[in-house]
Amino acid sequence: ADPVRVGLVVKSLGNGFFEAARDGAMEAAKEIGNAEVIYTGPTSTTAEGQIESINALMSQRVDAIAVSANDPDALAPILKRAMDRGIKVISWDSGVADDARIVHLNPSSNALIGAMCIKLAADVAGDGGGDIAILSATPTSTNQNIWIDEMKKVLPDYSQLKLVDTVYGDDLADKSYRETVALLKKHPDLKVIVAPTSVGIVAAAQAVEDQGKVGKVFVTGLGLPSELAGHVDAGSVKSFAIWNPIDLGYSAMMIAYQLTQDDEHMMIKAGRMGTISFDKDGNGAMSDPFIYDASNVHKFADIF
Amino acid sequence: MNRPVLELRNISKTFPGVKALDGVELQLYPGQVTALIGENGAGKSTLVKVLTGIYAPDGGDILIDDKPVTMQAATDAKRHGISAIHQEAVMFDELTVTENIFINNQSRNMFGLLDWKLMRTRAKTLLEYLDVNIDPDLPLRELSVAHKHLVSFAAALSINSNIVIMDEPTASLSHHEIQELYRLVRRLRDEGKAILFISHKFDEIFEICDRYTVFRDGQFVGAGEISDVTQDDLVAMMVGRTVNQIYPKIETEIGDTVMSVNGLSHPTEFDDIDFNLRKGEILGFYGLVGAGRSEVMQALFGLTRTSSGSMNLNDKPFKPRNPGDAIDQGLVYVPEDRQHQGTILTLPIFQNITLPQLGGLSRSGFIDMAREYDVARKYATRLQLKAASLSENVENLSGGNQQKVVIGKWLATNPNVIIVDEPTKGIDIGSKAAVHKFMGELVAQGLSVIMVSSELPEIMGMADRVIVMHEGRIVARFDRDDMTAEAIVTAATGAS
Amino acid sequence: MTKDLPDDLNNGLRRKLMRWETLLMFFVAIAFFTNTQISPYFLDPWSLSDATFNFTEKAIIALPMALLIIARDIDLSVASTIALASVAMGFANTMGAGPIELAVIGMAVGTIAGFINGWIITKFDIPAIVVTIGTMSLYRGIAYIVLGDDVYRSYPSDFAFFGQGYVWGVLSFEFVLFLVLAVGFGILLHKTTFGRRVYAIGNNPTAALFSGINVKRHRLFLFTLVGLFAGLAAVLLTSRIGSTRPSIATGWELEVITMVVLGGVNILGGAGSIFGVFIAVFLMGLVTFGMGLMNVPGIVMSIFTGLLLILVIGTPIIWRRIWAARKMHSNSRN
Amino acid sequence: MKNTSLIGKLISHREWLLAGIIALMLVGVGSTAPFFISPGNLAEVFDDTAILIMLACAQMLVILTRCIDLSVASNIAFTGMCVALINVAYPDTPALVTLIMSIGIGGVLGAFNGILVWLVGIPSIVVTLGTMSIYRGFVFLLSGGEWVNAHEMTPQFLALPRATFLDLTVLSWIAIAVTIIMLVFTRFTKTGLSIFAVGGNPKAAVYSGLNVGKYQFITFCISGAVAGMCGYLWVSRYAVAYVEVAVAFELQVVAACVIGGISIAGGIGTIWGAALGAIFLGLINNALPVIGISPFWQLAISGLVIVLAVIINSRSEKRGGRRILREAHR
């Protein structure tokens, strides 16, 4: 039979996180045997760019599309149209509107990620606590916004932490850098910058080092070991968290494939990741984030 | 007789559709002024451009001191000791006078950097030599047209050259400045330089030139000593026929007032302009270049806002807010700058002719192409336009034919007042006569003409009445019976 | 002496135009053939129909933009105008406006934005490129002020028709609208007095003024027209993606201008045709669609559009020069 | 009477006006956030603006010749990626060599633009619109879309722009040096003068023996070389190289020129103007967050400023008639 073709649409090409996810999806395809991954996406994090990529996938009549969305609303019409054409659509990492996909795979439980980020911040701030600020990606990024909401929910439990600002680096290294520098200037007492984005956290760490604030301001959040190893050594980052993007890509691919095989979408088998369950809105979570620090970062830096 | 410093043999230059130069020859001798004469489009300026490396000739030889040379760019001309004052003012408005003069001829200091102090001093010296009082640090745009031209003379003189070319140098100069220029030419001649002098004005040719060369339609017709020929001989060589009457004043019935202007004023350009224009009349406006005549005419045409005053046209108040208003009410303006204001060079002849009255040639906004073409053909024929076809772009026509297109375009609107601003500036004698004859026909048909001109013979030959302007004001009025050249010129210079 | 000038009305002009469009057609044929070879999915009506969505809104702005560029102006603020108009529609939607009202509001805001551009440019006599670089930031900036990091969504379901509806079979509303507008603009530019005046202004604004054309009013009208069409594009795009963010349509201005220039419109004004722009739209559409089928990343496609632009503009220039040189050569031998 | 002429003089000297506005802004911001005008912070703001200043000066030369270079931002991305990859492959390359290489690579890209403008005769806006896409596309091909991150770059690669000398970063010093070289170049060299001439009146330039295309070519080479150098400085300063580096930055560069009074019609402009225009934009970018204005206002404010600046410039450029009438002179 023809192989099952799955379009893996990412927020932007060239981002280390998504490259790792692609490798995971490839691994899954190999395991399935009769499947093929089409890795695509725009170079900048725009919804219009993703729409064009999805259009191209539809024209090729792929069997399934797995998308990490730059914008949950703007992608909805085109994904609905894809579903009308018989294409199975799932979102992963960053979701789309509920009716524009069959299921959404969260890398982890959103509440857990939010809580984890704040906990990391509290740990690094020490008992004295202090001011913290959030450096996000684009203002429209679904997962970022959910995580920030979750962080705000748990913040009252940490009376020593005070959230003073939220800024957006648009997942551009230079913009994130500038925003961080502005943060440092505006809030001289800033203690922790939480960047739940792999681009932002690197830029923030670099900015803290360049501003000579190592030891005074710490950066934490979500990032890749390979990109952060240097900054952990430099001391601007003490610890950070991430789930395994390879596993995430692997799971997304497995789920997409399974959906092309049968209609089951409450409990989906995802190969070596076991069975993932989805609630009535189609939301499911993969696994818990894992914390990296000086003790283990170099070990994982070679992997992703 | 001595040997020529510069000799051209069998030079040809072709533009798409035009043989601008067809195997012409020319000799220039040291210490002599050679006039280059020919109708518009005869190829004079093209020859200058070939000589200064701006155009590469298709064939032929250029010999300097009997040695063949090639000109790739304007810098080669400079190297060979040729400097030129071109027909169009080709200067840099945003640069200072000094920068303009030394644009390709700078002095450097010991670090290899430009030495502005030295150049400023040299500029001062040059301008003094030309007997003009211009601050070398002023940006060129602040100078009058005439002064700009004089700066271009200074630039040409800054190069130590043996050969000086002047392409219609007097076209924008006042009487006084022309006299200064003659002195300069004679001085250069006496220094032993060879001078090529291009002009359409016979009086100056006979005044300062020693030799002549005549071109017709891109071909060499003849050359010789000025003292051996008369004006009629030259005209005959130029046009291949004799032109008897240059200013054919046709006596017409002058009727009632069609237009009256009362106390028209502008904050900075003109003041208290008062005059009447009658049916079938040619009203001349004379003045030195820069007297503000064009500004007044442009105000009549609705291009310039006025601060006070009133106008009447055909017994109705006339207050044009833009040229469209003026055209609608039957007043049109043939501007002095053909190439920029008069025509759209890059559009075909027929589109130029019909442009002001497109509305009339269309049905609910859609152009009726057949009618459009009829109109264009009618006026092209009437004006004896010389062109390959009506779809030819105007840029491919000679100056005289371009002017015919402009006049044709305005006649096609059936005006009753037509303002012509310097209608024969830079036009050869043949085309000039055609334009004059045509103006005579127009008034005979009952049109009224306002003619702005800086050429005294033209004004005196054509106009029924003459108004003289000086520095934005009317300073004198003459009827045909009492106008004398002295009186008009005296009034124009502002002397009371 | 008085014989009539030859009657070859239009021929010269038409020949000149034909040469350009023939070249474009040639490129279109190549692109079409290549696409049939590289992908079995290419010749599917629905695929082709889907592909038109990628360029239709831009192409609709390209039509008035062509007129504007022919008249020696340019508008870099169109993409920002889309953002502004879209935000206005989103706001109106929260106030309960219906689909038609939304469309009217979008186009009205676009029109106002275009009018402001034109007003500043003609009133103060400033080059259009400079002013519209400013309003480009200004308009999108206003969109950001209004919306910030928020989003407008849940447009009425009827509103989706403009950007997602089909008129007949695979023919989407957007695409049919574009075809109709292209014909309309072709007539406007090539057959009417207005079009002729646009050419006149583009070739020599001073002489156009001296010929009684109200140059300022024409330019103002053209800017307003471009604004109106940017507003229309905003309606279509907003309807198509069903939501509004201030970053909507980022970078479109350059794509629209690329289409126009590729269509043979002289960026320096005075020359060009709607037909050329029309073909160029399809050329770009075909090239990007073909590469999309091969999953070529958008950034790599842009290499091809960039090359195409330089190639298509450069080829006739070089060709004309060789031709002129050869003619010169044969002349001088005679 | 005296008063109006004084103002007239001031306004006609746009640079002074612009410098005045910049000073006012500093005072304004300083009164709400005093630390902003501390020397240390100003040095940082300057450091942040240095790249824009250099690019604006180079772009000015291009604009003077009636061209425009929209490919500078893509040039930055391409050259930046090149030197970053070279640094990964040959970590021993000294920073100075990298800097020189970046100038060379950028210069080649600029020369390519210049050749198309000069020898092929395609309008510059078309050429650079094309190469803007092409160069950025090449960054993707070169890198396979992957990022080069800080930890892959060597310390010496990263150190150059950060090193400080007399309280200013080397990046700032480079910007100052470039500005001074440009000043001398435009005022005291034949090429500099010729660039003004060919832009002011191309036809007259031909008649004066100046090859218009050649000077346009030269300005594109300069613009490319400066952009290339900025490519290295950018990548090293932000410690990352990727496809989208400096996206849309060309518009800021052109905007800086416009604010600085460089006439888009060619022939008019000064290095001071370009540099002040860049500083002005840099100041707005840096000051807004400090005085607590939401970043969402930033875009609209800079847009408004550009529009106002060009309106003011156009007013001061108007030379109200020739004044034929005598009284008007007095």
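A few notes on this one:
Chains: A, B, C and D, in written order; residue numbering restarts at 1 for each.
By our rule, a contact is a pair of C-beta atoms (placed from the backbone, for glycine too) under 8 Å apart; a residue touches a chain by one contact, two chains touch by 3 or more.
Note that the structure is a prediction, hence the values are computed from the model and not measured.
Shared contacts of chain A and chain D, meaning chains that touch the two of them, come down to C. Set against the C-alpha centre of chain B, every other chain centre is closer than that of A. In terms of their C-alpha centroids, the spacing between chain A and chain B amounts to 74 Å. Centre to centre, using the average C-alpha position, chain A and chain C are separated by 37 Å.
The distance from the centre of chain B to the centre of chain D, each centre being the mean of the chain's C-alpha atoms, comes to 43 Å.
Put simply, the C-alpha centre of chain C and that of chain D have 29 angstrom between them. Residue positions of chain B in touch with at least two other chains are not found. Within chain C, residues 148-149, 297, 299 each touch two or more of the remaining chains. Of all residues in chain A, those touching 2 or more other chains are 13, 43, 168, listed in ascending order. A complete list of chain pairs in contact reads A-C, A-D, B-C, B-D, C-D. Listed in rising order, the residues of chain A touching chain C in the complex are 13, 38-43, 46-49, 51-53, 55-61, 71, 73-78, 81, 85, 138-140, 168. Looking at the complex, you find that chain C touches chain D at residues 120, 124-127, 129-131, 133-142, 144-145, 148-149, 246, 251, 254, 257-258, 261, 266-268, 297, 299-303, 305-307, 309-310, 313-314, 317-318, 321. Interface of chain D with chain A (complex): residues 35, 41, 44, 48, 140, 143, 145-147, 149-151, 162, 234, 238-240, 242-247, 285-286, 289-290, 295. Against chain C, in their complex, chain B makes its touches with residues 12, 14, 16, 58-59, 301, 303, 322-324, 326-327, 333, 335, 340-351, 355-356, 358-359, 362, 365-367, 369, 373, 377, 380-381, 384-385, 387-392, 409. Remark: chain A residues 12-16, 19, 43-44, 167-168, 172-174, 177-179, 181-182, 185-186, 202-203, 205-206, 210, 226-231 touch chain D in the complex.
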